[in-house]
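The following blocks contain the structures, represented as structure tokens.
There are two complexes below, and they share chain A, which is joined by chain B in the first and by chain C in the second.
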Partner chain A sequence: MGVLAALPLLSRLAFRNILRNRKRSFLTLLAVSVGIGSSILLAALARGMGEQITRDAIYGMTGHIQVRHASFTDDPSIEHRFVSDEESFESLMQHPLVEHAAQRIRVPAVIMSERESRGITLFGISPQSEKDFSLAGINPNRGRALQDSSDNGLFIGEKLLEKLKTKLGRRVVLTTQDKDNNISDRGFRIVGVFDAELDSTELSYVFTSLQSAQTLTHTPREISEISILTPSLDIPNSFITFTQKLYPNQRITTWKDIEPLIVTLVTIQNGFLLFWFLIVIIAIGLGLMNSLFMSIYERARELGLMQALGMKPGAIVLQTVLESFYLLLIGSLLGIALGVWGVHLLANGIDISAFAEGASIAGISTMIYPALFVADIAMLTVMLLVLGVLGSFYPAWHSSHEHSLTLIHRGMT
Partner chain B sequence: MDFSAFLSQIFFSRRTRRARRSTPFAFFALFALSLFPSSSLAETTPHDRIQAAIHYWREDSSRSDASMIIHRPSWERTMRMHTWTKGLDHSLIRFVAPKKDAGSASLKVKQDMWSFTPKINRIIKIPGSMMHQSWMGSDFSYNDLARDDDLIEQYTHRYLPEETSPEGDTLYVVESIPLDDAPVVWGKEIIKVREDNIIIEHTFFDQDMTPIKRLRTVKIAPLGGKLFPVELLMKNLENDGEWTKIIHHEVAFDLNLSSNLFTLSNLRNPRERQ
Partner chain C sequence: MIGQIELQDVTRTYTQGEETIHALHHATLTLEPGEFTTFYGPSGSGKSTALNIIGGLDLPSSGKVLVGDASLTEMTRSERADFRLHHIGFVFQAYNLIPVLSAIENVEFIMQLQGITGDERKERAASVLKQVGLSGMELRRPGELSGGQQQRVAVARAIASNPELVLADEPTANLDSTTSEALIELMLELNETYKSTFIFSTHDPLVMKSAHRLIELKDGQIISDSNKEVA
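So, the complex of A and B:
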């Protein structure tokens, strides 16, 4: 009779052994389920944070794809601009993968009030095309949003307003360089104030209409970029080729090229999660091995007797391994339930505004919303079962390779 | 000047904006007229008054030798500088003392400014971001130096009631409000000018109309062939005990200044007579 044919019998034996010392089995189950549950919660929080950073970056004036002058990414100045071609823009808008597209001026500038001055990025936008697309189309916290492409007002962040020690409705001066590298400046009235997720966004982005930005930089009908929103984060190559054909002289960049920091951050985070899973699993596995050794020593006499009665060493190994497998399986099911419940409890987000200043450096907003991924749960469970079972082979082998008489003798002392 | 000419001057002024403000102004002017029947007020618009005052200060060209005292609560330092100006567009300031600052120079051509530091032997174009910052650590900003002609073009001016100085001179008080799109952060500026076009006081207000800093003429004496504001004091009204004083030792006007005085090459290698 092959060892595997005895599986139902061995399973029954393994279950009985689990139930034999309930206190120990309960503690092992607790260790497994708490480990798995907390890992799932942590993974959900980390994923949630990663998703939020990516979403905010794309919403925060990056978009999925940018059409820019070839040198703009290296030197984002007004020098690197291109003529807005209405015909190409129209055909771009017709493409089924384009959810939104907007033409903008994006230049570094300095904003000055009576008391303070700060370096910012000035955007010239068409308010209609930014609506529901980017930060520029956000509803104002106070005042009004920009109205049309020739609006002379300025739309700035709450935090910037505070830093400049000025108020809504006041005038500030914007200074930038025009196309001939001369200083160009003008007074603007602050017409609206927005509230963004991140303080750094509120401090660095200032919006005016496309036309007034073009007037300031002396570049009528020219733009710095076209930002495009597609349905998903993964952009098909065919679409990039299509856009490149429409704008043969410009460079087409995806959000991954523009926000390498975020891509790196998410990659590091994924690596870290895997590492964390490994640590948890090794800790659980060691605990499990320990309790297996305990139960085997306890039953030394019984195992010796089984051997003496003709049970094959392989069957003894399998029986012990099965015991740990069932413990792990039940433990991880409990752990998943625990983790999902935890995620559910935190579904309204965790407020980390106390650390907002530091977190905003990494682009993390004041609220973290956990995001549960089935892939994470599956990976964690499979890793645990495989590594746990592998780990329990050692005590199992230990129990089987000794002579039956030694075992019986040890059990008697 | 008869009354109808005066009214037409108000209502058909060059700037429509000024015309809009003309009602209270007209009332005041009528009132002022009744007090001073042959007042020069009726002859000089506030715009011309400011232009004349700036012209008086610099003429078509000028050269001066002056000291600048920067005072802070915990320290004070004095620098000596030579200044050349030509029209409104060109000026050159070169420091000659103390040794630490000697050779440092600032050149302004139209709206652009460059500074030269001998220690690093480099000319730096002052970027827009720095124009608002303090010039040589004083209470003057680069803008104060570079943009004085803005006062003529980018503001609407009107007279406030005249004042009398402690010395008994009549002071014309001009309120200058920057145009909406002017590259000026101030809410308003109030300039007090004497009959002879010497600016006595120039106060900068924020948009809450709180005074921020004030430039005052402390001493007027004959210099360079005319009465000249010899000592000027720029006071930071928000921080007590911070001020900058400029004392002129020598001034000369209407010189035949060569235009290559105001070049980058001359900024680096001075060729002007000291």
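So, the complex of A and C:
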């Protein structure tokens, strides 16, 4: 009869042997479940951080895709602008994948108070379009938000206000290049102050209305970008084609093009996670192999006896492999439970500001919310089961390849 | 039927350091189907070795072993395992049972490997256990049985699937005379009913008394055979 038909018998033997040496099985299960559980938690934290960074960027000012002048990404100056076409914008807004879309001016500028000056990025925005979408639409911490497309006020971050050593309600001067490469400057009153998650955004983003920015740059009907929010990070090609048709002369860039650092970060993170998973699995696998060798050695007599009674070598191998498979399976399930529980405990986020002082300035949020990815759990478990089972073949094969009489004799002496 | 068993000039040697031990030395022997044969002789004379070689558990260093049409010496390991499973019942001299299985599971073991399913297997195992006087102890693990009781479980397992050949290495060594007698009685009965071939090794006069044929071993050589005069 085939080895497979003996499966119920072999499974029973495997289970009884697991129960037989409880201490060893317990330790193996502990190692497997702690290894898997901690890897899941680690993966979730890393994923959470990656997601947080991506989200901060997308809901910062990036959006999922942007319509830009072909050269704007490389050189974001007023030179690379395009004419706002209301008809195309209307059509864009009608598309079902468009949750929000906003037309903006984005130029480098210098902000100057009576005491300090700083280089910043100036945005000219339409407050209605930015509401519930971007950083430009958030509620002010103090003062008021920008009201309409012709608002002359300035909306800046708390940190910048502090650096400029000025106050809400005071006037500052903005200097930038206009469309003819001439210096253009104007006084603005600070009407509102915002509080962002990241210090870096508070320091570098300054908002005014679209019209007053257009006036400053002498480009009354032109814009630098249209930022679009879609339902997901994965943007269908059909939508990109659609947008390209609306703006045939501009370049359609996705968040991945605009934020290549984030993409790189996530790729590196994936690599590290995979590497870590492999290390954990190899460590577990070596421990498992060691304990299998021990238990096979202890059981030499009965393995010999089974062969003597007519159990085929393949079935002997399978019996041992099954034993480690069950240990791995139970251990993985416990580990998954452990990992998910850990993620649940940390669901309210952990504050890393204590260990990562510079994080906020570097553009990384100090709160991490773990994000559980089923794909990570599946990959980890499958990798462990496959590699663990492969690793068990070696000791198992050993157990079947000694002559049955030798095994019986060894046991007797 | 399993047919004739033939040992043709079988030698089995072990080397231990400088020394070569002849566990069997040029043994030639024919055993007829249905015979009830006993090997006897002093300790170390080669009884277990002879049984192991006949059962395909051990291979001779030289010579041939034929069982019916099959040449054990020319089979692969896996083929010999299969051959043992389907034709031979074994009782070993010691360490006979699988510790993690209960008495009845041990008896069922071979039938389970043979593919005999569920109820039939259980019934047969229970009835053989009863025959060897162990009803009520079906669920005990080997560790919870006395040496003699363990030996009886092993006998029950060897005969449960009515093998054509039963090889028993000192099966009564740990038993009191009453139980021994009952076991021998049972085996003689099986030998009668199913014409199975029985080969024992023993020191036990009770066993020797019941055997059809007695073969004496000394230093790995056959020195007497009740079926014929040995030169």
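To be clear about the criterion, the second predicted complex is superposed on the first by the 404 of 413 C-alpha atoms of A that agree within 3 Å, B and C clash if a C-alpha of one lies under 4 Å from a C-alpha of the other, contacts with A are read in each partner's own complex, and residues count from 1 in each chain.
Please note the rule applied: a residue touches a chain if its C-beta (ideal position, glycine included) is under 8 Å from a C-beta of that chain, and two chains touch if they have at least 3 such contacts.
Predicted model, so just to flag it, every value in this text is computed and none were measured.
In the superposition on chain A, A:Arg16 makes contact with chain C only, not with chain B.
In the superposition on chain A, A:Glu302 makes contact with chain C only, while chain B stays out of contact range.
Of the two partner chains placed by superposition, only chain B is touched by A:Val172; chain C is not. Touch criterion met: A:Ala5 reaches chain C, while chain B stays clear of it. When the shared chain is aligned, chain B comes close enough to touch A:Arg186, but chain C does not.
In the superposition on chain A, A:Gly310 contacts chain C only, with no contact to chain B. With both structures placed on the common chain, the touch criterion links A:Ile330 to neither chain B nor chain C. For chain B in complex with chain A, the touching residues are 111-112, 127-129, 131-133, 178-187, 206-207, 212. Of all the residues in chain A, the ones that touch chain B in their complex are 109-110, 112-115, 117, 119, 152, 166-167, 170-173, 175-177, 182-183, 185-189. Every residue of chain A that touches chain C in the complex is listed here, in rising order: 1, 5-6, 9, 12-13, 16-17, 20, 301-302, 305-315, 404-405, 408, 411-412.
Those residues of chain C lying in contact with chain A across their complex are 52, 55, 57-58, 77-78, 81-86, 88, 90, 92, 94-101, 105, 109-110, 112-115, 157.
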